[in-house]
Amino acid sequence: MSGNTFGTLFTVTTFGESHGPAIGCVVDGCPPGMALSEADIQPELDRRRPGTSRHVTQRQEPDTVEILSGVFEGKTTGTPITLLIRNQDQRSKDYGNILETFRPGHADYTYWHKYGIRDPRGGGRSSARLTAPAVGAAAIAKKWLFEKFGTTFKGCMSQLGEIEIPFESWEHVPNNAFFAANAGIIPKLEEYMDALRKDGDSIGARIDVVAQNVPVGLGEPLYDKLDAEIAYALMGINAVKGVEIGAGFRSVTQKGSEHGDALTPEGFVGNNAGGVLGGISTGQDITASIAIKPTSSIRTPRPSIDKSGNPIAVETFGRHDPCVGIRATPIAEAMLALVLMDHALRHRAQCGDVKVDTPQLR
Amino acid sequence: MSGNTFGTLFTVTTFGESHGPAIGCVVDGCPPGMALSEADIQPELDRRRPGTSRHVTQRQEPDTVEILSGVFEGKTTGTPITLLIRNQDQRSKDYGNILETFRPGHADYTYWHKYGIRDPRGGGRSSARLTAPAVGAAAIAKKWLFEKFGTTFKGCMSQLGEIEIPFESWEHVPNNAFFAANAGIIPKLEEYMDALRKDGDSIGARIDVVAQNVPVGLGEPLYDKLDAEIAYALMGINAVKGVEIGAGFRSVTQKGSEHGDALTPEGFVGNNAGGVLGGISTGQDITASIAIKPTSSIRTPRPSIDKSGNPIAVETFGRHDPCVGIRATPIAEAMLALVLMDHALRHRAQCGDVKVDTPQLR
Amino acid sequence: MSGNTFGTLFTVTTFGESHGPAIGCVVDGCPPGMALSEADIQPELDRRRPGTSRHVTQRQEPDTVEILSGVFEGKTTGTPITLLIRNQDQRSKDYGNILETFRPGHADYTYWHKYGIRDPRGGGRSSARLTAPAVGAAAIAKKWLFEKFGTTFKGCMSQLGEIEIPFESWEHVPNNAFFAANAGIIPKLEEYMDALRKDGDSIGARIDVVAQNVPVGLGEPLYDKLDAEIAYALMGINAVKGVEIGAGFRSVTQKGSEHGDALTPEGFVGNNAGGVLGGISTGQDITASIAIKPTSSIRTPRPSIDKSGNPIAVETFGRHDPCVGIRATPIAEAMLALVLMDHALRHRAQCGDVKVDTPQLR
Amino acid sequence: MSGNTFGTLFTVTTFGESHGPAIGCVVDGCPPGMALSEADIQPELDRRRPGTSRHVTQRQEPDTVEILSGVFEGKTTGTPITLLIRNQDQRSKDYGNILETFRPGHADYTYWHKYGIRDPRGGGRSSARLTAPAVGAAAIAKKWLFEKFGTTFKGCMSQLGEIEIPFESWEHVPNNAFFAANAGIIPKLEEYMDALRKDGDSIGARIDVVAQNVPVGLGEPLYDKLDAEIAYALMGINAVKGVEIGAGFRSVTQKGSEHGDALTPEGFVGNNAGGVLGGISTGQDITASIAIKPTSSIRTPRPSIDKSGNPIAVETFGRHDPCVGIRATPIAEAMLALVLMDHALRHRAQCGDVKVDTPQLR
């Protein structure tokens, strides 16, 4: 209820602060009997971890995961699975002056007013580092969904600031620091980021994610619609300011005769729906896009106030991502996977294995 | 858990179908001692109800609300408040052939596959008519928030298809059928809608909503961030395909030095944040925009399949909104109000009345 | 969260007050496709309703149930099922002086201090009349559990004040006003109650309930143990002060060699467990007993205070059950059924259809 | 939802197995700004830990707690507090043969059928060792309740098998291995336990707990009644088979004129209510009793079956408590504290600080 648990049947309760002793999560509700070890989880954490290129924060964290519970002789037992990641590279002194001032665009101000106390070390709990436990938990969800339905998840950066990144092929994504599905554009992106870093500024980005081989019928009809829950999950990622499903804001200018995806015996024609109709999955690909704002912790001085209300110019040193969007792709995939996992369990709770005579389309 | 309850501490459990005997909701968690009668709720329902102009569905529903419980001698008692709205103008025969086919872009197909059964009368539970109980419940939330904090809610249509509607003044909104904050553009909008109706087609729209005088500190830090919950609430409205908070997708091309709203002793400068930082309200206006897709029930024939999987052309008769966006403004306000109400209670549960020495900015 | 919703996956949200216009509930999470009509629910309500013998309150309420939603052409659709019961025989004037004083042993005092306001008409929401909606909801649960697993529910009064009622046969239960499983003892019970009524006093009782043909594996291991949830459900019935599962308080004096029910290829020997081990159903009968306190609303004058804190003698007129235990049997069965239904859905959410090679015992 | 989280606003999510690497919990919802360190928690864990007398299991576990998150510079920050306890004295080989057979009265059988897999090392998650994290979490709750309301918790064993333990004084409790509030009876209890151990058998017990200085108004009126939640919390403790509030099963033979606690300007007379009326705290002491069954893991051979369904005699070696009731007192106090903490937050969420003009009684 205090906002540290994600999900209703497949729940992820995370804990920890950026520069505390450890971060981690308790995953509850995982079906029993699935093979699971750290080797299933570590690769997803590695995709997200910092320090892997010059374009992201230089904090060095191996993000090594330890499974503390819930697995016996290599299989899930149906009891809570705890993932623990010890923090290794804390440099809390970097943040010394932050305690007395508020960074424009940062959670400093709101945490202070909400709680009357805040952990300033690396942003404490408001740090994007806290997405790591969810990425670990999502590795479990992805494995179950793949084994059960063949569901897979993909994502890529589709825009960096003004630079649109045309989609070429998913196979480019693991081969560059930007999760771009385009090989030729990489030098341009690197040049842009190098200049930005020199200026001490930051930039926004757009990320696209897709889930494929999703069964029809996931999602609840009124308030826990699948698209509503995806919007919740994605908007909850640090720095996200916008979420689209399927055609998204393009729907504003579409006519009904254009927007509604035709059904044919061979499948759906088009996917303006983004795989969701009436809040329930159609069996098409689930597609979503998110807008990520530029990092608020920048070296460029900005007008702000201190805790006594006096005007002050704030510059942020320490180690920060100049574009948090660069590492956001695996996080967005993870959140999408957690939503689908949760709804897969919710669906079978109420509906069991529904049989209908209509062919299921993709 | 089956998706018919909204909120965690201020909960709204809705029920009913478009052409069943009644729709309504149970509102639980309302603080005791607030004056409340049907007269506080009916005006909000009247703003949303059908049949008020030629540009919306011609179904005639007075949407008269009856309070069945939770109020004693004109005051809330802290027990559940039940709102009942009897359906008056059912014409189920209009939907006769829908049971055997699926409308492209409609929940017909997904309900059928999820449940193995569906109520085809007016879309059953998937009808936008089911937003009425939430609008009623939100009237209670709005009243409490206003009495406690002075919080107010406003909304307007900012785009109809290709037609952008420049903001002039909130005072225009109640004076036209479109909830447009612009008087001069109304003839153009009417002309557009008249042509569209003649064509038997439908169109998308964009709606903006604002909450003013919101206290600082509402929202939970990791997963029930205020913006995440707003995204959930707004994306859950029928036909919504995109949600933005503050700068939204404009953040993609912004630099950090531009996006972060400066703090000064006199207040925030700008509102790219949309009133939320780190998932917690800043005290600025909460601003959000939504994209609404065109109605899927249109007279224009569309390719689809029947329940045996055979190809068929579907035309939808009956009474439908050619632009569901036209009646969406009060609904979007309502969902925003429900989110803020819930988080106001959640905040005082954990934090009570926090006192900090920093001035609170707007 | 405000305590008016029962269950997590099969949820019952009740509303209404004893002398308001109506009481009822919204049942969410019912699996789709089950045949359901008022005729399935009314008989359970009839077993609980007042005015059926001279030993219970003389309030005349037919408790006629109306299904407002969730059923289409005689089948559940998977959407919320709303049950509405209009109150018919309010006599609020009977309770006029109660608003200024507090009955010893009654919720008057605590509601007043909790909410600062209370509905005094017939106890408002604290009335045992509010068990009716749960009994209605449980009729739905019982039907589903019976169709799915053959599960049945039985209950009887096993003690009235000092009078123990030896169990003879379930078939006696529907044939007397006390739900006694014993025919010969009825005259003694009637004589006792007649004398008590003359004295203007009330008396406690003990009720036993059993669920038969319960599948193995229902219940969660740590905090939502099946027995913990049964205890919660039964202790939550008005006037209940004690709950036992299986051997209950007899376990205190048992040795391990006596208490643990032996397993044999033919089944369990004995049922000290009451059908639950480690919080999970064994497949044996689920057995529970409850202690019901005497009604607090009695004609005998009792020392109390008024709202100014002055001493006063309170006598309660109006219509009351001199032994609330008499009508408690169908309520206890209902709450047990709601727990099992909820856990049946929870079990299949996480575990699906588990297959083990060990024989399942009863 | 899978039963490893306790509470709704002050939530405790536990994890771990008896012989896994660690056990622990995540405590979410703790109000910010309270001084907290391991020194506040360790003493409660020490009261519960094994190996402290010859009458309990000889497993040697220091149960040293580490706070992993949620505290900054000695104060709670409002973010999740994680408690980690590393297991030290695992001897899993002791349990080798258990995997193939089922102990009568043990969760072996039900876990196997529920999940199709179970961790047999020390009972895995069904071990009473898993009460330790809740005891740690409750130390936080106790501290907050004491600082806020002066609330304190006490408990004692009131019966061991046939031996009733007359209450003399709370001050005896910390001075004996049984948590008995009676000094003279200790030799008799020790003699009884020594004989029992020699016989390889186990025995039940009764425990009483009390909360003092509880504010009036805690508890929700219909389904989350304070007494219902206490029953849930206490019945959920391993081996508990019965729960009483106040007069408990004595209520069965009481008349209304005897049971209802009179109110006088000086306070309540008597406490048959056990501090709860209509599900809401009265301000009186909260009193509850529990029945604890004898341990199922005994050396005495018992008839059972193996996983192929063949009859077999089961004897359990390894280290076990011959009377789990002996260490149950701090656990029962802890669960009571968690319930009150949760309801203290729930109360202020909905009702804030209610002011009524009637004097508050004790």
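Chains: A, B, C and D, in written order; residue numbering restarts at 1 for each.
One rule holds in what follows: a residue touches a chain if its C-beta (ideal position, glycine included) is under 8 Å from a C-beta of that chain, and two chains touch if they have at least 3 such contacts.
Composition by chain, UniProt nomenclature: A, B, C, D = Chorismate synthase.
In this text the structure is predicted, and so the values were computed from the model without any measurement.
Comparing the chain pairs A-C and A-B, the larger number of C-beta pairs in contact belongs to A-B.
Using mean Cα coordinates as chain centres, the one most removed from subunit B is D. Each chain gets one centre point, the mean of its Cα atoms, and the points for subunit A and subunit C are 45 Å apart. Per-chain CA centroids place subunit A at a distance of 26 Å from subunit B. Among the residues of subunit D, those touching two or more other chains are numbered 1-2, 4-5, 8-9, 14, 29, 32, 78-79, 114-116, 125, 221, 346, 349-351, 354. Those residues of subunit B that touch subunit A in the shared complex are 1-6, 8-9, 14, 102-107, 109-116, 125-126, 130, 159, 161-162, 196, 201-206, 216-217, 219-225, 227-236, 238, 240-265, 269, 272-274, 276-283, 291-296, 298, 300, 302-305, 307-311, 346-347, 349-351, 354-361. Residue ranges of subunit C in contact with subunit B, taken from their complex: 1-2, 4-5, 8-9, 11, 13-17, 20-24, 26, 28-29, 32-33, 66, 68-70, 72, 75, 77-82, 114-119, 121, 124-125. On the subunit C side of its complex with subunit A, the touching residues are 1, 9, 29-32, 78-79, 221, 345-346, 348-352, 354.
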